[in-house]
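What follows is chain A paired twice: with chain B in the first complex and chain C in the second.
Then we have the complex of A and B:
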């Protein structure tokens, strides 16, 4: 009788164990669900890797996570797969898509993975609201936040990516739309190679080696982006290399070592941008077909430098333009020369910046202006707009600094009164 | 005594002048190195190249294609030696002594798809293993259509 009781208890607990295990087996749950099913996940951790090969929707809760020592979720040869509200705690790649169509990934958090999301031969994919935070360490040891290869019709919006190699790496892909992404502290914010028909808009790119690295691209529109603080050695905000048909408009490029580098760029336009407090605003080689117009250059050490072919500089506004407008048409009566000998030297030897407003340098700049007025040279704007000093910069109130400042002020006033 | 010192100094200068200058490959620092041509950071050391100039300067390149582009643009007059990483053991090899393999599905940092091998036998073995690709010599690189391949 006792033996029977012990055996019953053992089998009972064994049964409980199997039930608990089954509830944690997300793969079985997916395999058993019909195509097109929606699976609502619980507030707990599931074991990966998970393989999806049919239309399915996974919807997690606030604390639903997938753990794996390799890939978190792999979607292969499927369409209409939707991953929503998931957290990933995986060593290698959180999500991988291969030959996937019409699918979405939304509201996903990926922390400390080697790679966030990668997709191959994907089509009509929408990635929205993704948080990716890479491991600490040099970017050479890490992979990309979101990698897209050999795909088309990809939309990436509202992501927040930091500490990875390239925030978005896009290769041999057509029709890409990236909007309102915040990408910082990587090698490149957005890296595009061999891709066409691209729109990058309203993204905030900061503290990378290069903000936007655009290589071998035909057809790209870059508008309303904030590209800031790429200010380390060899850093730059926007790099266009072997690019055709680019439009760079209404962006703010600020506090970059070099705001934009153009190398072998054809039939492109840079217009209505604000170049503010950069080392060099525009540096160009083999870019004679590029038109730079209606931009505002403010507080840059050097406005532009180029090879002997230059680029078209016309109708821009420069804070260091000292010409007059006697006819009142808003256009300066004398040309603006962007080339400054001292600026060129300073780019090569940054320590020269300590002499930037010395009398000899001011004299050298004046000589540049006079010399260039009498000879046709590159990088001369014959229709410079008079500088509008009322340009509104975004004002951010730093409360801790304000409080500290007030305390210091009060302290100084009190001490001053007591001493007097 | 003065004459002896003068003779020694003269001899030293002559010897230094006569000695053959060597152009050894240099270490690349991934923290700071960027490609001379495309400005990309050198994060994939196994594909890197470098040129040592006769005046002692050196430039680094992230991909063989960028290195060749520099040679095509600037000529070889000022170049002491040019090196590329061996695709198998990742040691530096002279670009003129290497054998190359091109295949459109070979990944390189610029996706030019050309790998370098220390010997023709190794390159042939790689081709046999992969079952696809094309053997190239250094001279072929100078007329190769870099950067137009899709992958």
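Then we have the complex of A and C:
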């Protein structure tokens, strides 16, 4: 009987051993495959961490997932590694690349990981179609969606990132191209530090503390992005700090507490953007070399505020410009003064923000406008374009409102007649 | 309180040319701004220059109308001897004050309802306008507070002209001078002192209180800046809501009680 029991236990142990071996078979499969092989994964869950050190292509199916309590897939000292159609259910980092070249990560979903993808010393990497959903909770307890460190020639496109600390965190990297990424509900949508030659285009950045945080960067092009609804306390759409040679063009910055903050920015151009319904459109300090031209400012509470050096404001169109164009050249005949005393006070003492657009400040701004017409100051656009009004009358019935309005009106008329 | 008396007061107010002009002015401006916001701006929920304009219309015009009309109304009663005549009847001063108060609140509520209904009616043909409920409630709160203050001003005034002068003075103090004084103080004191000062003074100016309420109710306190994060958070707690209701009640009850006391004393003299 005892022998039978021992034998049963032994067989049971063997059975478990085989199961564990089977769940780890991806690592074995990779190890056994020759360099450059393509491995088609099944519709099942594989155990991580997986280590890749040679050229290989992993292609998953609809429900292929990798589970791990640490890192999901780690690629080290390799080139031509391609990860495609995988789902990750890992505690720490889903994918880590170290010293990797010419590789791609495509169509990957990462849920509830502490960190999505991170790469160190990577070169010529293309990340496309990644879905990253971070854990719930404060972003201080989480890490980044995609972190890139000391790398070059990185392309990140079509990703959808939410609930992480920084959607894209890029540090000390050259040649970054980010396009059509949707990043929301994080600390910074895209965070760039000590990096050069960057292109950010057609991204949708919303509901972060800061949409784009660009620090110590030389050479950046930000075009056709939608930077919206960074409207919490201390929020802003675009923050350029210690930046050189930046071009910010054809973006839409809407519903941000401050649409753009420029600090210590040199030789840069902000052009053809739409600044719409922001608290402050542009706030600048030490940005006298910045040219802001051909932009449209609409519905912002404050158009611009700056230190005494200001920045170049020319050829923009402002919805609060009340000048005339008697010669019909589309340029207003009188200058537009963006600077307002109140805006300048807010720069010096942020407590003054309490009074923003209060009746007293509205009066003050009106008086300011009259006064500034005769006194040239910073933030004056001498060639303001006439604002093209976008009022469109479209008849469309809203029956509930119509009925409610009618009932209220009849009630008031009846009561009024009885009293008069 | 006699319903007949309230009705009589309402009748007199509605027939007043001043009130009629004020009604037309308010309705036209209110609808214009609401329509501009609706037609020219994308549909947004945040604090925009247009929503600020709408709020400022309420903060500028309604208190002006209420303070002048309400104060002159009660001063007129005293000046013409109507109040003296009423006192020969078994009518308590408290009841008289409440009658005036309810009548004024009703008429101004009527003006606001008229403006809103016209806006809804026009907006109904243009796809519907966005008029948040908190905006309507804020208006009701404003009507209740400023009509109470207007009665106090009227009770203190010697005649209608005096009431008008005090009313305009108080209005300019609440809307403009008060803020300018605080801003001017801010230029000579440290920022943390200014912050505390603003927080205290926000409770002492009903207009600032209503403006703060707007941000609080619309959940847009971020507009006020980081310096006011703590107080905004406090007023969203249960204790804070209690304090908020208390402060609001004080701004209604205190002027009404003082009006009754002043009128009583004047009657005895």
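One rule holds in what follows: the second predicted complex is superposed on the first by the 343 of 420 C-alpha atoms of A that agree within 3 Å, B and C clash if a C-alpha of one lies under 4 Å from a C-alpha of the other, contacts with A are read in each partner's own complex, and residues count from 1 in each chain.
In this text, a residue touches a chain if its C-beta (ideal position, glycine included) is under 8 Å from a C-beta of that chain, and two chains touch if they have at least 3 such contacts.
Here the structure is a predicted model, which is why all the values come from computation and not from measurement.
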item: Contacts of A:234 with chain B and chain C, given as first, second, both or neither; value: both
item: Partner chain in contact with A:193 - chain B first, chain C second, else both or neither; value: first
item: Chain B versus chain C as contact partner of A:138, first or second or both or neither; value: first
item: Which superposed partner A:213 touches (first chain B, second chain C, both, neither); value: first
item: Chain A residues touched - chain C or chain B, whichever exceeds; value: C
item: Chain B versus chain C as contact partner of A:261, first or second or both or neither; value: first
item: Chain B versus chain C as contact partner of A:89, first or second or both or neither; value: neither
item: Which superposed partner A:289 touches (first chain B, second chain C, both, neither); value: neither
item: Residues on chain A lying within both footprints (that of chain B and that of chain C); value: 233-234
item: Complex interface listing, chain A residues touching chain B; value: 138-140, 150, 165, 171-172, 187, 193-194, 209-210, 213, 215-216, 233-234, 236, 239, 241-242, 261, 263
item: Contact set on chain B toward chain A in their complex; value: 30-32, 34, 38-41, 43, 110-111, 147, 150-151
item: Of chain A, residues touching chain C in the complex; value: 229, 231-235, 254-255, 257, 276-277, 279, 298-301, 319-320, 345, 349-364, 389-409, 411-412, 415-416, 419-420
item: Chain A partner contacts - residues on chain C that touch it in the complex; value: 7, 10-11, 14-15, 36, 39-42, 44, 46-50, 52, 55-56, 59-60, 110, 113-114, 116-129, 175-176, 178-180, 182-183, 186, 191, 194-195, 198, 207-208, 211, 221-229
